[in-house]
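Here subunit A shows up in two complexes: once beside subunit B, once beside subunit C.
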Partner chain A sequence: MTDEPVLSVRDLEKHYPIRKGIFNRQVGVARAVDGISFDIGPGETLGLVGESGCGKSTAASSIVRLEEPTAGEVVFNGNGRGGASRDPGGSHPNDVTRFSDAELKEFRRGVQMIFQDPSSSFDPRMTVGGAVAEPLAVHGMSDRRRRRAIVEDLLERVGLSAEDYDRYPHEFSGGQKQRIALARALVLNPDLIIADEPVSALDVSIQAEILSLVDDLQAEFGLSLLFISHDMSVIRRISDRVAVMYLGEIVEVGPTDGVFADPRHPYTEALLSSIPTPDPRSSLGGIELTGTVPSPTDPPSGCRFHTRCHRVIQPDGIDVDQSDWRGILNFRDRVADGRIDVESVRENAAGAAGTPTDEDIGDRLRAEFDIADEINDPDVESALQEAIDRLLAGDEEGAATLLSERFTTPCAATAPERTVHAEGHESSCLRHRSEHAVAADHADD
Partner chain B sequence: MTTQEPDRFDRVDWDEISRSRWFDPSINGVGVLATAIPLLLVALYDWLVLDERTPTLDPVGLGWDVGTVDYLFLFTLSLFAFYIVLPLFQHPRRTRYYWREFRRNRPAVVSLGWLGVVFVGGILGPFLVSAPEQSILTGYQPPVFLSIDESYVSTCVGDIVGGRCQGTWRHPLGTTAGGKDVFAGIVHGMTISMQIGFITTTIVASIGIAVGTVSAYAGGWVDEVLMRFVDVVLSFPTLLMFLLVLYIYGAGLGMFILVFSAFAWGGTARYVRSKSLSIAEAEFIKANRISGASTYRVVRRHVAPNAASSIITQLTLLIPGFLLAEAQLAFLGLGDSAIPSWGQLISAGRSDLSFAPWIVLAPGMVLFLTILAFNFLGDALLDALNPEAEAENA
Partner chain C sequence: MTSPPLLEVEGLTTTFDTDGGTLTAVDGVDFSVDEGETVCIVGESGSGKTVATESITRLVREPPGRVAGTVRFKGRDLLAMPDDELREIRGDEIAHVFQNPQESMNHCYTVGWQIAEALRVHRDVSDDEARARATDLLDRVGIANASARFDDYPHELSGGQKQRAMIAMALVGDPDLLIADEPTTALDVTVQAQILKLLDELQAEFGMGVLFVTHDLGVVAQIADRIVVMYAGKVMERGGVLDVFDHPAHPYTRRLLDCVPELGGDGGGIPGTLPDPRDPPDGCRFAPRCAHAEPACRTDGQPEEIDVRPGQRVSCVHYRDGRDPSVLGEDPAGAGSDSNEVTSGDD
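Let's turn to the complex of A and B:
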């Protein structure tokens, strides 16, 4: 029973319908969370990391059913519900998404949440003691004195004093409020706490205090933690395992040490490179993600990261410099969207020296997309030049057609499978498909 | 509970607590119930047992016939005492904070004092000052320190000096044509004004808050239907409705209060809805839902109290409208002539303005001051109770 995860999320989806017009017709869906799966073991901390808008918070509120998930399964084995096995029909008796109201209320005792914004996470008209004690009252503890005793004890545990019970939220600093939020999350003695960016609104020094408080409490009470953040350094500080989320999907999951030492997904690599390191000669230096940030209403086909990936795969027959390849693809997408304004490029070039030749403008375009002036593959070079010429001649469509026929990447065509790199370290990237056989010698562990 | 349980959050036996679930009323709820139940019993006794002509308190030797409006008034007073006044004592820190904020506005402090006088006068006055009685012989008595030409009065209570009847302390504010004491009329008018103020406010607040929060929380077509209904209510010609009721059924004070408050909650409902929608977005509401609180509890304990400051302000500013409406209707002769309201007093003196102006001026001034006081108070409450301002000052 001990190796059973406290929380086990399978293929969780949350889609928001997009309605338009007078009849509220559904015209599409925003796939905020699109099939994520992970487990959290007892006493374990899973860090869920990703940039803003990738669906981390939606995932959290779907797991706790603040919002109803569209599909998927959330199995919660805490609260003494462990050891259950699946029904013959395939549904799990501990599936949160199928809980009845009474079960849901009981489930609330097992899972609590901490929110990002300390200033709005307390009712300004209620004393903090009242706010922390409220879950107790909600769950039927009617003895006021007992509630007060429990909450005073708890306030002291999170580093405040019992006298703070009667004070109002506006009398506390942001860090203190997060301590109180922690107390409120703890008061029902949950098995799992979901912390949604709990320290991102705080100063770095306060962050460290809160994180070590979380560590201590977690060790003392055997809590499991789902820690959501966009900040890789915070994640490294607190997590046992990391799940990296991009546009509603988990692209890489693994033990913190493994993921930080050897990121296998290009997106993880990019995130890691954003951590400032004290070592100036550090090899992971500032990978800049280019290309457009896609919208969850119309996610890219194949691998969702391919529109921004700095390691996007070149098809058979093309072998150019990787940064040129990324630039060519960005150029292709921009031309296809009709978002290249040749006239303004021409004008800018004119400002520099006399009447610009087509060659000057071509060079400017290449510079804008970080493409070398002369690509080492003559076929690619001639096709690109041809496209630029068509574009300059005003034939945008011709240029777009040529580019999209000539330059394709397998990343856009095939959705990547999960690849296992080491014990518990998995990622979804097409590069691993080819690397698979070769990469055995890679220092995987 | 068998043994002394250690009071630590991780040693709570939730199975035991979840099973022993019982009604857990607050002291405020108990207080309201404790006054409402006897009141209801007396009302039932009055209605079912006593015949129409026996005053309600006859069995205990008092001549006070409690009417429907009085029952409602007493009930709203108990609501006021247990849900507005008592919480001020329950949360002394917050009260001191509000008072500090409120005190900065001097006109509002004076207004509060004046309204306190009207309130106490309205509650206790009728027991100390007997109701103004008709006495034709002592009509047109002037207020104390003033005098009137002897020819207007049939019997002068005070001295007649140089052909002018002097005012006396027996009628400090003079009397009307019918010999009714104006001071007694004003004191009894305070009761009427307080009744109008309290009962309409309670009705408007309960309907407005209920419709507003339900609309905000239910959303969808419920929201749509309720808000369109609010539009209807807001555009309804209340005065015409009242005149219609008046001609068909006759209209006493109770009917006035009912009709006017039944069409005045639209603005409050709309206001509460928008306020609730903005509060519902706050993270503390999420935190409450995640702790398992029901929607009712969230609305009752968090949404309504946070909207309350604005609601109280809005309601304070509604009361003058009702008082003025009553006075206007009374002045036009459309009011309830059986009650000693300020409006009735003003209308009684309107034809004698040339030689006995006190009959109109005394209640007129009181009405004016009261309305002014409510307006000042509303403004000051808006500043003192505003939660955003509270956060900024922190």
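Let's turn to the complex of A and C:
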């Protein structure tokens, strides 16, 4: 097969045990990466994007086995290992997670990494030539002069000069160091480069330079690239396809143009609308995500994004303004966590005008959660008002019970399946349930 | 304009004595900020934008630094003022927010205590009053359940929350001028959007002037009223945000905007690096990297600023009388800066 992917990741998981106490008992598990799957074809760039803490970097280090993945399969068909098929037992001979030490060493010749901080990825006491040549020596090229010739050639190809061979890292700027890191990644002629936020520490002008260099080198060397970044505009510039990650899962994947023009997952939509547009006439932000990424030790049930989603589904029988619905759910969660301090609300209201009535405080609460003063659905309104009354009467538990019984969303109950929107463009969102073209398991295609 | 600006900086020059000679980080920079206005200083790292803002309230350590020029704030010259008077203003009437909230907080004290302390330093308030004010501010900057979070230590807050707390600390004295140095650069885009919106709301409410330092042109477009483009310690261009984005005049500004793919630029970057601040080039600072440099650009110091439009001025020899600025290429107006090219998905 010629269109065999270079890298094929299936249901990759990396869980970190959380231990406590003198016996180091395991009390929980942080699901940093929780079942992600994607392919990278020859010469293709896949951009992996998400907020900090979503597991992008853990995914990268699990793929190259800098950390041992908990479960899943990473099939690497580079290094001339292509064309292999599965054993009768179902395991793949190119599965990196099952590689022996010798195979692993060979694998790491075919895959190289570039990291975010160029200054901390070089030994300050080693010349850059020595640093770039080191992988060659490690992998058995003992001829010093040949090593030097190869490295000098590479330094020129990344836009530095052969004379830089004998200089030290501190003599170079951040952008130049990142060029050196690129040279080091290329020196073993790999099939795949994993770049983890390689331009995040650089200025825009330098960023643009490095990105176009990466583009050129990719074409020249026929490289595949896994490009990890939190910066959507960088991802857009460099990737052929984009995978959007949230809390250990890939929520949307598709061709770059498709994902940017027509994001199908609300999270992607929110990420895109958070990018400050370099157009002074457009107004600030569209969709505002409230709160931060929940902890991966206790991810939300159902769709993991439902606690922050602006399109969170209303159950049958409820039909209110979407922003009110989001506000009600936020209110419900906050009450359930016991994180509403009625006293401080009361104090703040008192500062404004005399002794506040319960009504004033109710209005303040509603305003805080962006809920309308009166909701257009009388049933919802009365339930909400009842909950507020209970809360003000000091019955927090009663309020919490009422809210959690009355207001539920299907998003919390059901984990969404993959929906195919177009060729290669898939997302996991319950709103697409009715589009029945469901990709059950694309591992077989 | 009849009333004088809130902040007026003239001939600001900051030098540092180093072993390798005297380094000029900011070299004769002028700018002003009006009440309720947001001015953005834009430039690559090393262009002197941070040093310029830190020189305003003399946060630059002296020696080795040396700050010269005049900085008039509400008519008083901050640079000529005795230290104790300046200390009254700093953190009260003029507040700073820095890039890295982790490094700007003391790990050993609770967040609320630190905010309350900022108030106690400047005002004669009781502990209870300080606490109430700090809690109120934490609430205002959008930290949920403020009275409980008051007693949290910095490590218990996320990066975005810490930056919100820093903003609360800055606002504690009702500042007239807020100096924000890359306050969102270390944050995720989603959090950045929250913080920018917050600053916008607070500015509308408190009516303060904001001096904002950033290298992110997307952020600039969202918040700035006016822009000052700095390069290697000098001002290259200044003007209203619409004028500069629609009609960038200086070759450096044009190259900078070209780095933004959303504006239809080639995204090719700017070849070369910043000049050595110990030995800057003789003429225009940008000449060594400029495609349109000619002999006149390489002598006689940085060119004088020339008006190209009301409020927009550029320091480039090609705009002098009798010269034809079209040699710099087409005025890139409409090359994507028209509002019909919107990048966000949902409008």
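Basically, the second predicted complex is superposed on the first by the 423 of 445 C-alpha atoms of A that agree within 3 Å, B and C clash if a C-alpha of one lies under 4 Å from a C-alpha of the other, contacts with A are read in each partner's own complex, and residues count from 1 in each chain.
Everything that follows uses one rule, which is that a contact is a pair of C-beta atoms (placed from the backbone, for glycine too) under 8 Å apart; a residue touches a chain by one contact, two chains touch by 3 or more.
Bear in mind the structure is a predicted one, so any value in this text is a computation, not a measurement.
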Subunit B versus subunit C as contact partner of A:64, first or second or both or neither: first
Subunit B versus subunit C as contact partner of A:22, first or second or both or neither: neither
Partner chain(s) touched by A:276 [first = subunit B, second = subunit C, both, neither]: second
A:341 touches, of subunit B and subunit C: first, second, both or neither? second
Touched partner set for A:287, first subunit B, second subunit C, both or neither: second
Contacts on subunit A seen with subunit B and repeated with subunit C across the two complexes: none
Sites on subunit A touched by subunit C in the complex: 51-52, 173, 175, 203-212, 230-233, 236-237, 260-263, 268-282, 284-289, 292, 334, 339-341, 343-344, 347-348
Parts of subunit C lying in touch with subunit A, wherever the complex brings them together: 44-45, 132, 135-136, 139, 144-148, 158-161, 188-194, 196-197, 200, 215-224, 241-242, 245, 255-257, 259-263, 267-271, 273, 337, 339, 341-347
For the subunit A and subunit B complex, residues of the former touching the latter: 61, 64, 66, 104-106, 108-109, 111-113, 115-117, 119-127, 131, 134-142, 146, 149-150, 153-154, 166-168, 170-171, 181, 184, 186-189, 221
Complex interface listing, subunit B residues touching subunit A: 5, 7-10, 12, 14, 17-18, 20-22, 24, 91, 93-94, 282-284, 286-293, 297, 301-302, 305-306, 387, 390-391, 394
